[in-house]
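Each chain gets a letter, A, B, C, D and E, in the order it is written, and its residues are counted from 1.
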Amino acid sequence: AKKIKLGFIPLTDCAPLVVAKELGLFAKYGVDVELSKEASWANIRDKILNGELDGAHCLFSMPFSVYTGIGGKAGSEMKIAMVLNNNGQAITLSKDFCGLLGYKEIAKVGAAIKKLQAKKEVTFAMTFPGGTHDIWLRNWLAAAGINQKSVGIITIPPPQMVANMKVDNMEGFSVGEPWNGVAAAQGIGFTHIASQDIWKDHPEKALVVNSAFANSDKADLKKVMKAILEACKWLDVMANRKKAAAWLTKPYYVNAPLAVIEARLMGSSDLGCDLGVKRYKDDFMTFYKGGIVNTPKKSNGMWFLAQFVRFGMLKAEPNYAAVADKLILDDLFAEVAKEMAVPVQPDMKPFKTTYDVMFDPANISAYLKTTKK
Amino acid sequence: MKKIFNIQSLYSILFFTGSIIILGLIWQLVSIITEKEIPGPLQTWVVCKEMFTTPFYDNGPNDKGIGNQLMSSLWRVFIGFGIGSLIAIPLGVIMGSSKFMMRLFDPIVQILRPVSPLAWFPLGLLAFKAAAGATIFIITITSLWPTLINTSFGVSSIPQDHKNVGKAFGFSKLKYLTKILIPYSLPHIITGLRLSIGIAWMVIVAGEMLSGGSGIGFFVWDSWNGLSLEKILVAILIIGTVGLLLDKLFNVVQHAFAWENK
Amino acid sequence: MKKIFNIQSLYSILFFTGSIIILGLIWQLVSIITEKEIPGPLQTWVVCKEMFTTPFYDNGPNDKGIGNQLMSSLWRVFIGFGIGSLIAIPLGVIMGSSKFMMRLFDPIVQILRPVSPLAWFPLGLLAFKAAAGATIFIITITSLWPTLINTSFGVSSIPQDHKNVGKAFGFSKLKYLTKILIPYSLPHIITGLRLSIGIAWMVIVAGEMLSGGSGIGFFVWDSWNGLSLEKILVAILIIGTVGLLLDKLFNVVQHAFAWENK
Amino acid sequence: MKSLSLEEIQTLNDSEIETSKAIEKILGPSAIKIDNVTVSFKSKNGIYTAIKDISLDIKKGEIVSFIGHSGCGKSTLMNTISGMNTPSHGEVIANGNVVKGPGPDRGIVFQNYSLLPWLTVFQNIYEAVDSSFKNISKKEKIEMVEKNLKMVNLWEHHHKLPGHLSGGMKQRVAIARAFAINPKILLLDEPFGALDALTKSSMHIELLKLWNLDHREKTIVMVTHDIEEAIFLSDRVVVLNNGPASTIKEIVEVNLERPRNKKDIVHDPKYMEIHDKLLNLLIDKFSIADY
Amino acid sequence: MKSLSLEEIQTLNDSEIETSKAIEKILGPSAIKIDNVTVSFKSKNGIYTAIKDISLDIKKGEIVSFIGHSGCGKSTLMNTISGMNTPSHGEVIANGNVVKGPGPDRGIVFQNYSLLPWLTVFQNIYEAVDSSFKNISKKEKIEMVEKNLKMVNLWEHHHKLPGHLSGGMKQRVAIARAFAINPKILLLDEPFGALDALTKSSMHIELLKLWNLDHREKTIVMVTHDIEEAIFLSDRVVVLNNGPASTIKEIVEVNLERPRNKKDIVHDPKYMEIHDKLLNLLIDKFSIADY
């Protein structure tokens, strides 16, 4: 069979791909998969679109951002086959903020930023325009009552975050683990808030595929999905996570210190800046949870689209349902889930994130009217 | 009195126009071949016009006019280039004056010269603990070589004739430096500076792309993340044009100091 | 018969050693000044030795020996450089032969030349729909200028004397091309190629850093992500040395074809 | 290598040649007929007329020198004869045909030899021969090159590049090249200008030797700055006025017997007379003022 | 500008000077005493001895020419006198002192003028004056420059860069520079080598004019390739053997009366005798063989 090439970015949540590979699950399902480390999300976007990669470990909201022209050429289709994980991202603030505010102290954010702004321009980094990290950052800013335009927001590839903060290139960043952990461990900054604190059990990375691959090699894609699903299941056995961490730490995967990867993967965050250790109980990085994690939900996609409108990234409202329909391969997932005896989760229900108002996919304009911008 | 408008300048304008038209046509062709994946000149022009109507607006840290970006890039280029020149010229004079120094330092120059600016960047970041410092550092370290090499070449190639004049008429060290060494090497130094500024300008994009924040390089990176090809194309044209202007500027300086053709 | 080992080569070795020692000392100094943020030569040497014990191992796509990385980079450089040369030389001959063409194409060359490889990258990706293609494209488009400019300069500077020989003895077009134009311009063309390969080598790092995958540039990027400064330093030395070797190679070619000093 | 003495060469075949030559020089057909030639150049500051209304007949087998101050148009006139540039008015008839461009009937020896430095001595001549004779075999061409190189005593050096030759040797290659295409007319533009006095003298003898070996049938036109050279070599010396629009100032006949001996000739009163005449023609520039 | 005729210059002060000069030249002190000088160079192929065991006395006010084939060591000898290089054996005594290096008592005119192209005519001379005279005021220095430039008739051009001057004018600047430091000895290495025949003649007269204006007290040593130039200018012509390790072949006295007239002199039988003698000394290289 032809070689299938999947891209990934050095992040803890690329674990399902790594595990599927290391456990030989791809081979087990009869596909020849090669994992390819990529330099940035933009790079992954371009390679999926031009077919160099068949699929990749990718931000859940990236296909929406690209399709709507925020992070790419409008109309380019990248398909979401399944979700890889929930949770496990965070906003790290530089040591400039150390002492000004602590873990989850959102109320103090405004004053702290004001204070810093007296000295210099305050800049935050995320990983891709319209990507999940961008949206976590903006949600957090909105929750703290910060004008989005009063701070700098720049794009930096995840593995570059620590180095850039070290040289004062920005005062905060929103990125996936282990980079928040690494920053804390190196004393460069501290974990201010985790993404699960902003939206518990949010969809994070997804298996995003090239549309040609989705259409013409459906059989292969399903095999890939099955292997990954099995890997996710394996990963949610906490006893296995140490082993996973040992793989991830390798230079050719994430190339970050084992201790940091392992601790955060196990739900224990040393916040840094003498803020102590925060232990998450059930809302650390999850990969399976009986299939709850993996179902790609259109309503989630619509939420991200709504965020784009909310934060002025889209001037006009898109046809939410149509876009979600186009980009989310929920039917395909349903087939795979069925064959794997994994329960498929119901979709299109209203839900609420921590600092925001209720979101009803059936009445988005109501949400947009009431939400803080 | 020179005629301001003569047949020569008419020709120049005609050729320049022709040149631009050809460039436009090739571009359009590429655009058609790639099935509009790459925007054509007209589409780009629309974006370009928009960008240039208010080049210097400043709506907070994320939204600055292209003029601002350009200014901040140019500023960095000049600083890095300036520091590089201040290192390169005296070092070049030393290397050019003494065969011993030349042989001793030449291998270092030869090894460090081909290293890409991007490879220096991480080092710069760590050494300076500041992205601005790192960007300036990589501009400095990649752009100083042509000036260094040209200066040392210029100094080492001072004709025996000129040196003999100094000897025969008993010039003091200072007089030798100011009346023979520097005047002779100046055209070489300026040629070096011209090459250096070209490299500095080329490197700024790389530096800003990696360090983020501001400048034309960041603008390219940002446009790539957003895949606004029109903006990237505009940026390419701007980079090209500014590069051209910098080069022309140094060309003028070069001619002003070229005693050879006077 | 030449003596293989003479006082000259002994001197060369001594100077080279001295040079390396100086470089090492400066490096050590920087390391001390930055409080070991930047590793010193000894630390780096340990990593270097390790890397070079098995330079050609290949454990899947993300885990390859430095030798493999180097090979894949060199391969890309040669392809891009080759394509660039195939475009640049004939175009240069055309521009050099006709003043009309020269004036028409010169502005295009001048505008596109200073554009940074990184700005071309997104365009290349779209046009070629492949990162490998884009990398080669940026090498091609940034490295072709020196060859183009040198070739056109060489051709346009054929002395009237040589042209007169062709005229006076009734050389055919072909004979003119093969016996006058090409031999005369060859040293210029080779100088251009030499500059071009230098740029190509400089650009590969940028290209691979952006496109990911493999090669010495990606190695730098990856080492940077992992903040393994020793590896970056080793990479800098490797890049420098390979750049130096490429340059020396072309230097040899250049001397072989320089009829001037024969 | 055989080194003929000066006397040997000059007397070679003298008896046979001399009679027919003498007649031809007086009555014979003109090899070159310069007919009212004007040459102007377009330049940035308008049109510059280098030479104006020059007419001159040069007979077959004659050696004629042009002499004049720098920039007076000597090279321009030579180039017009060779066909390298076209007259604005008038025409040049060479060997009975109007000159339209360079042709193998006129061999040119350029001021600075103009050998192609990347070709060997042999190749330099071969390429010229190859271009001029289309219908002969390669072997014959090689033989022609060999013959001509032997004639100038350089066959042993045929594999060398011009850069490895001394100035005098290069000059001989250039002359061999011009002879190799067997032209009826030889045009030499300051052929010895760059040589030092001693080498120059030697080259004069070389040239006359070749001219003799070829039965004095070739017409030679040369440009020079050097009065003594002009007298030693020429049958007539054409003195040009200063430009712009320079014309012929005077034509001085050099009625010295051939063969001429370099050492003896300076003692000949006729030589001195001609020398003084030429010096006087050129000397009005001869002051301590600026020029 | 005033343009003196040749005769005017040559007779200037003649009566007064001539008597004292004549005596001095025979009995007077030597301006330069070259004492058994050998000069060797270290090179890649070992040691190369350019000149060997050369001894020569040059009297004050004398004009002496060195002549010889290329590479025979003329420049080496000149440089040894000027102090630009040091003899391996022997010594040179100039103006009573052993030569240790260049000094303002010996003015040098280099073969190719060696003006600094980025300095104006004025500055070129000023810098030399400034370096040679430490104890005089700036105003006096400027006056000295002016005087010397006027002497060579170039004051009007003092603000020009050398690139804007003709060859002859540059040569005069170089001479003015050498004169400006008022040296007792003038050393000229092929000063007219690069000039065409006509300009060269003019420059000869210029040089003699300056020598006369300075009461013929300066000693002039020059290198040349040109026999006629050597005869016209010198009191003695020193012919050197070919190198390596070249020595003096012969010293030819030029016992022609001064002032010498360029046009007349060639008719003087003494001139011809000297000319022939020199030609013969140099002529063994004079054949059609390769060189």
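Quick note on the criterion: a contact is a pair of C-beta atoms (placed from the backbone, for glycine too) under 8 Å apart; a residue touches a chain by one contact, two chains touch by 3 or more.
Labels paired with UniProt names: B, C = Nitrate ABC transporter, permease protein; D, E = ABC transporter ATP-binding protein.
Owing to the predicted nature of the structure, the values given are computational and were not obtained by experimental measurement.
Q: With centres defined by CA atoms only, which chain is the most remote from chain D?
A: With centres defined by C-alpha atoms, farthest from chain D sits A.
Q: Which pairing of chains gives the most C-beta pairs in contact?
A: B-C
Q: Where the CA atoms of chain B average out and where those of chain C average out, how many Å apart are those spots?
A: From the centre of chain B to the centre of chain C is 19 Å.
Q: So, what's the distance in Å between the C-alpha centres of chain B and chain A?
A: A distance of 40 Å separates the two centres.
Q: Starting from the mean Cα coordinates of chain B and chain D, work out the distance between those two points in Å.
A: Those two chain centres are 53 Å apart.
Q: Report the inter-centroid distance (CA atoms only) between chain D and chain E in whole Å.
A: 35
Q: Could you list which residues of chain B touch at least two other chains?
A: Residues 37, 122, 126, 224, 227, 229.
Q: Hey, what residues on chain D touch two or more of the other chains?
A: Expected reply: no residues.
Q: Where in chain A do residues touch two or more of the other chains?
A: 46, 160, 163, in rising order.
Q: Go ahead and list every pair of chains that touch.
A: Those chain pairs which touch are A-B, A-C, B-C, B-E, C-D, D-E.
Q: What does chain E use to touch chain D in their complex?
A: Where chain E meets chain D, its residues are 1, 3-4, 6, 9, 69-70, 153-154, 166, 168-169, 196-199, 201-202, 205-206, 209, 225-227, 263, 266-267, 272, 275-276, 279, 282, 285-291.
Q: Which part of chain E faces chain B closely enough to touch in the complex?
A: 82, 84, 101-104, 108, 110, 112, 114-119, 127-128, 130-132, 161, 163-164, 177, 181
Q: Considering the complex alone, what residue numbers of chain B touch chain A?
A: For chain B paired with chain A, touching residues are 37, 59-63, 122, 125-126, 128-131, 133-134, 210-213, 218, 221-222, 224-227, 229.
Q: Sort out for me which residues of chain A touch chain C in the complex.
A: For chain A paired with chain C, touching residues are 10, 34-40, 43, 46-47, 50-52, 159-160, 162-163, 250-253, 255-256.
Q: Which bits of chain C are touching chain B when the two form their complex?
A: Of all residues in chain C, those touching chain B are 11, 15-16, 18-20, 22-23, 30, 34, 37-38, 103-108, 110-123, 126-127, 198, 201-206, 209, 217, 220, 223-224, 227, 229, 232-233, 235-237, 239-244, 246-247.
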